[in-house]
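First chain A sits with chain B, and in the next complex the same chain sits with chain C.
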Partner chain A sequence: MLDRMLAQRDLFTLVGELARKRRIIGPVRRENHFFYEEVADVGTLDLSFNYCVYGPRAFLFPPTETLFTFNRFDHTFTAKPVLDVRPMAFVGVHPCDIHAIRLLDRVFEQDHRDAHYLARRSHTLIVGVDCRTPCTEGVFCADMGTHSAIEGFDVMLYPLHRDGRDDTTFGVMFGSDAGRDWILYSRRGAIPTAADERAFEQYEREKAAAFPRHLRMHANDLPELLDRSYDSLLWEATARRCYSCGSCNLSCPTCYCFNIYDESDLSGTTGRRERTWDGCHLKNFAEVAGGHNFRPRAASRLRHRIYRKAKWVRQRTGLAGCVGCARCDRACTAKINSVEIYNQLAEEA
Partner chain B sequence: MKPRIAIFSLTGCEGCSLAILELEDQLLDLLGAVEIVNFREGMTEKDWNIDIGFVDGAVSTSEDEKEVRHFRDKCRILVAIGSCAALGGINTLKHYQGAAGEAEPPVAGNGDVAEYRRYVYGERAEWFPTTKARPISDVVKVDYALPGCPMVKEEFLSFVTSLLAGRTFTLPDFAVCVECKKRGNLCLYEKGIICLGPVTRAGCNAICPTFGSKCEGCRGIVSKEAVAAAGVNLREQYNVSLKDVLDDFRLFGAWQEADLP
Partner chain C sequence: MSGRRSSTILHEPPPRASSAHESSLYIPQPARIIRITPLTEMEKLFELGFLDGSRLNQQPGQFVQVSMLGVGECPISICSSPTRPDTFELCIRRVGSVTNRLHELQEKDTIGIRGPLGHGFDTHEMHGKDILMIAGGLGMAPLRSLIQYILDERPRFGQFHLLYGAREPKELLFKDDLLRWRESKDVNLAITVDRPDPQWRGKVGVVTTLFKDLSKLNPDQTVVVIVGPPVMFKFVVIEVLARRIPQGNIYCSLERRMKCGVGKCGHCQANHVYVCIDGPVFKYGQLKGMREAVE
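Here is the complex of A and B:
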């Protein structure tokens, strides 16, 4: 059921008003690709984007951030936490990335609450845009069940009527009180008619047919498949090509590992504790004090990543660890492909 | 007492020495923390009572060899700065020059080729005997190396800070891709460009790919395993001229002990 109908023109007016209160982050075209960027002019947003090269996670969990600053004067030590509470809005998030953000939410809430992530997240409004067709070749979101989202957004937009770029009319679904208030208080848009609802049903039918499956098994069976594949020769055979460069990790919208270190000034009296993205494909990721490395070989690191994405994260959080966006596959300069890995393992088993 | 620092140059462009002077905003802080006692690029006075010596340039002549042994004797800690001192750098390209009319040698020669010496020094070539170009670690024990062409001045600062604080300093042991992805760049492989980022040690904040140029590996290879993977990919995955890529590998990395693909 749709909550509202909204013309793209009205949507941009609304986003323009939102920009007075929030930083606006959305898809922007650069070098013939799309990237999530903070925009000063909402007119530069392009909601008909195919896919963004990277997910929006960098705005919630920055590549490098200061956790606290510290001072050491006269034998006293003081530290001051750094929290970013600037309100922001993601405008134009596809369902895969909405699933990815839900996973980050779960991870950063579970066990130890991460004040830095949650400060940003609680000040973020998410405006989703649904995908009528797969954004590009090679994505396997439908296999992972992440090509549609029913929660994890404040507002979801369905591009129902598309008569050229400026005349798209969106069916709107509210996902939160904040999203509903934002649209309804604006008094823009219209109540969906019976014809709109029929158009939405038609849209959903077309969408279901438009997403091919690429995996030779159901995503729910991946954990069991991996259980049987720990000693497969495939890991070594594939890892011959692996640079261990971490591009798959760093372009993944659900990777959340980080490293922590201190930076200080030359005198050592003031400084800051920082954290930065890490990745399980990097050689020293599993190195511990004393120099032992639990995963010294590229093959063991490759296997580890696949296990995390398809098995362990799902078991731990109940959510998909991989959202099928294929960013890792595109980012891999050695052309290692996760769907091929799953399918080859299924063939062996 | 403040640590006494010296900065020396062998065969090279002295761009790494210059990089220290380019730390304009931090230079006064730096001079507050250390005392620079010997620095050809920056001062006239010379003192040989030295705690930490930084050396840029490669060992490329027998004179260089004598000098770097002298530096080693006089410095408690010796640090190679820049690709030339740390890896041999572009000086090592001469190993791949053939004599006139000869094809380029498939493996590195001894660098004492009359042809390029005439090219560089003209009629007086015989006045300038040279040896094979080497990183300074080939002649003396080196305590630390800060590679890069030029060295990354922020890394230099971070190195000095670590040393002053008594913390261990280590170079990043991951590839340039990590920093490139953190900057949100479009991967050059998406444009069909063979960039050396996946095999090159990070620490430069991916400055070349960020500004649209492929990584040329000036910080040296990140691991032998990565170079081996490059060999596999160059043969099985990429449709490119192996020679062009080898030329890129040799630009800064000719000296390094990894099997080139």
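Here is the complex of A and C:
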């Protein structure tokens, strides 16, 4: 059931009003590709985008951020945390990325709460846009069960009537009180009619048929498949092509590994501790002081990443570590393809 | 579509609002260096106390993140026991940028500490048991916290065997402690080195050679603790299993690169475990089949 119908021009008016209170982040076209960007003019948002090259994680978990600033004195120091609580709204997030954000939420909340991520996240409103068709051929979101989202958003928009770029009418579903209040208090849009509900059912039927399956097994069986594949020669064979460049990590919407380092002035009396994205495919990722490297070979690093995405992250968080967006496959300089890896492993097992 | 509607009941609230006051996990606390004791060419012992007078309240086997602000941070195991709570000690090998800088510091200087972090030894599970401890190289540092604990709570434990192997005599850590422990009836200490120097009068060989002089163990009554380099681990486990010690009675501690120390950054992951929050102390059963843990 839909909660509301909203024409695209009304939506943009609403987002324009929202922009007075929040930073607006959404898909913007740059030449032939789309990127999530903070926009000053909501008119530059393009909700008919196919996919964004990177997920929106950079706005919740920036590539580089300051954890704290410090001042050193004789025989003591002070350290002051840096928390970013500026309100944000993501406008135009596809279901795969909504699933990815849910995973990041879980990771940064569980065991030890990471105030830096949670400060941003708890001040973020998420407006999703559903995908009627797969954004590219290689995506396997339907296999991973992430081509639709039923939670993890404040508002979800379904592009039901698409009469042209500027005339889309969205079916709206509320995912939170904040999302409901935002739409309902605006008094824009309309109550869905029986015809709208029928159109939505038709939309869902067409969508189900439009998303192909690429995996030769159910995603729930991937952990077991990997259990049997630790010693497969495929890791070495595939990793022979790997440049250990980390593009897979960089482009992944669920990668959250990081490094921590210090920056200071020349005298060393003031400075800051920074964290920056890191990637498990990079050569020195598991190297300890003294030089021992626990994953010295590209094959062991490739295996580590695949195990994390398809087994270990799920084991730890209960959520899929891979959302099937295929960004890693597109980004790979050596054309290593995760679906191909899973299917080859299944063939051997 | 009714499934969709009902599913919103499952909707999880977004992460709990985090105020600007929520404390950051990453802030180190200032701690003063009370005493520095050189141990070898590479290691120094730092005795520390928090500036605000608070105590560390560690378990044996836990670690801290040590900050040199402006240089960085690194994980160091705590080598003193909570039974000596006023201060705490860290044995620091000069091996990276942070530890090299730490070695330049003087008494009364201040460093940053986050912790205690990780899971230490379950000392309650060891109460009433005989203890066999095997230390290799720098593995002696985390074990010293447990050794001190056992010696301070001696009536709670049965027999206590300690086997210690180092590459060379000059690499032996805590020589003052070793002299004291060797004289003590509370611990049965055996030491060996791989490469003796001309002054060495003790045993020569890898640490597993010490097993042949070990008195008979009571398998169900014995807890075994192994800490050392990965290469040592496998061979010691074979010796231990050959003496029919149940796998649930075997503990070990792992070393990894760590950045956050709180289960986020991914650096310390060995197969499915995060060494920083699931360990660094593990039972052997947890690591079995985890090839990255011991290879």
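One rule holds in what follows: the second predicted complex is superposed on the first by the 347 of 349 C-alpha atoms of A that agree within 3 Å, B and C clash if a C-alpha of one lies under 4 Å from a C-alpha of the other, contacts with A are read in each partner's own complex, and residues count from 1 in each chain.
Following the convention adopted for this analysis, contacts are C-beta pairs under 8 Å (C-beta built on N, C-alpha and C of every residue); 3 or more make two chains touch, one makes a residue touch a chain.
No experiment lies behind these values; they were computed from the predicted model shown.
Peer 1: I'd like to know which partner A:R30 touches here: chain B for first, chain C for second, both or neither.
Peer 2: Touch status of A:R30: first partner only.
Peer 1: Which holds for A:C280: it touches chain B only (first), chain C only (second), both, or neither?
Peer 2: second
Peer 1: May I ask you to name which of chain B and chain C touches more residues of chain A?
Peer 2: C
Peer 1: Tell me which partner A:S247 touches in the superposition: chain B (first), chain C (second), both or neither.
Peer 2: In the superposed model, A:S247 contacts chain B only, not chain C.
Peer 1: Look at A:A298 in the shared chain and tell me whether it touches chain B only, chain C only, both, or neither; answer first, second, both or neither.
Peer 2: first
Peer 1: Thinking of the overlay built on chain A, is A:A289 touched by chain B (first), by chain C (second), by both, or by neither?
Peer 2: The second partner, chain C, only.
Peer 1: Who does A:A237 touch here: chain B (first), chain C (second), both, or neither?
Peer 2: In the superposition, A:A237 touches no partner, neither chain B nor chain C.
Peer 1: Between chain B (first) and chain C (second), which does A:A210 come into contact with in this model arrangement: first, second, both, or neither?
Peer 2: The answer is neither, since A:A210 touches no partner chain.
Peer 1: Once the structures are superposed on A, label A:G268 by its partner contacts, choosing first (chain B), second (chain C), both or neither.
Peer 2: A:G268 sits against chain B and chain C alike.
Peer 1: Check whether A:L184 is in contact with chain B, with chain C, with both or with neither, and answer first, second, both or neither.
Peer 2: In the superposition, A:L184 contacts neither chain B nor chain C.
Peer 1: Let me check the overlay on chain A: which residues of chain A are in contact with chain B and also with chain C?
Peer 2: 264, 268
Peer 1: Which positions of chain C touch chain A when the two form their complex?
Peer 2: On the chain C side, the touching residues are 1-2, 4-5, 7-8, 10-20, 22-28, 30, 32, 51, 69-74, 93, 95-96, 99, 108-110, 112, 255-257, 259-260, 262-267, 269-272, 277, 291-292.
Peer 1: In the complex of these two chains, what residues of chain A are touching chain B?
Peer 2: So the residues of chain A touching chain B come out as 30-31, 33, 35, 53-54, 58, 63-64, 240-247, 250-251, 263-268, 276-277, 279, 282-284, 298, 330-331, 333-335.
Peer 1: Can you check the complex and tell me which residues of chain B touch chain A?
Peer 2: My answer: residues 26, 29-30, 32-33, 157-158, 160-161, 164-165, 173-175, 177-178, 181-184, 186-187, 189-190, 195, 197-199, 223, 225-226, 228-230, 232-233, 236-237.
Peer 1: Would you pull the chain A residues touching chain C in the complex into a rising list?
Peer 2: Within the complex, chain A contacts chain C at residues 1, 67-68, 70, 72, 75-77, 79, 81, 83, 85, 102, 105, 107-116, 118-119, 121-122, 124, 150-152, 154, 173-176, 197, 200-201, 204, 230, 256-262, 264, 268, 271, 273, 275, 278, 280, 285-290, 294-295, 300, 304, 307-308, 311-312, 315-316.
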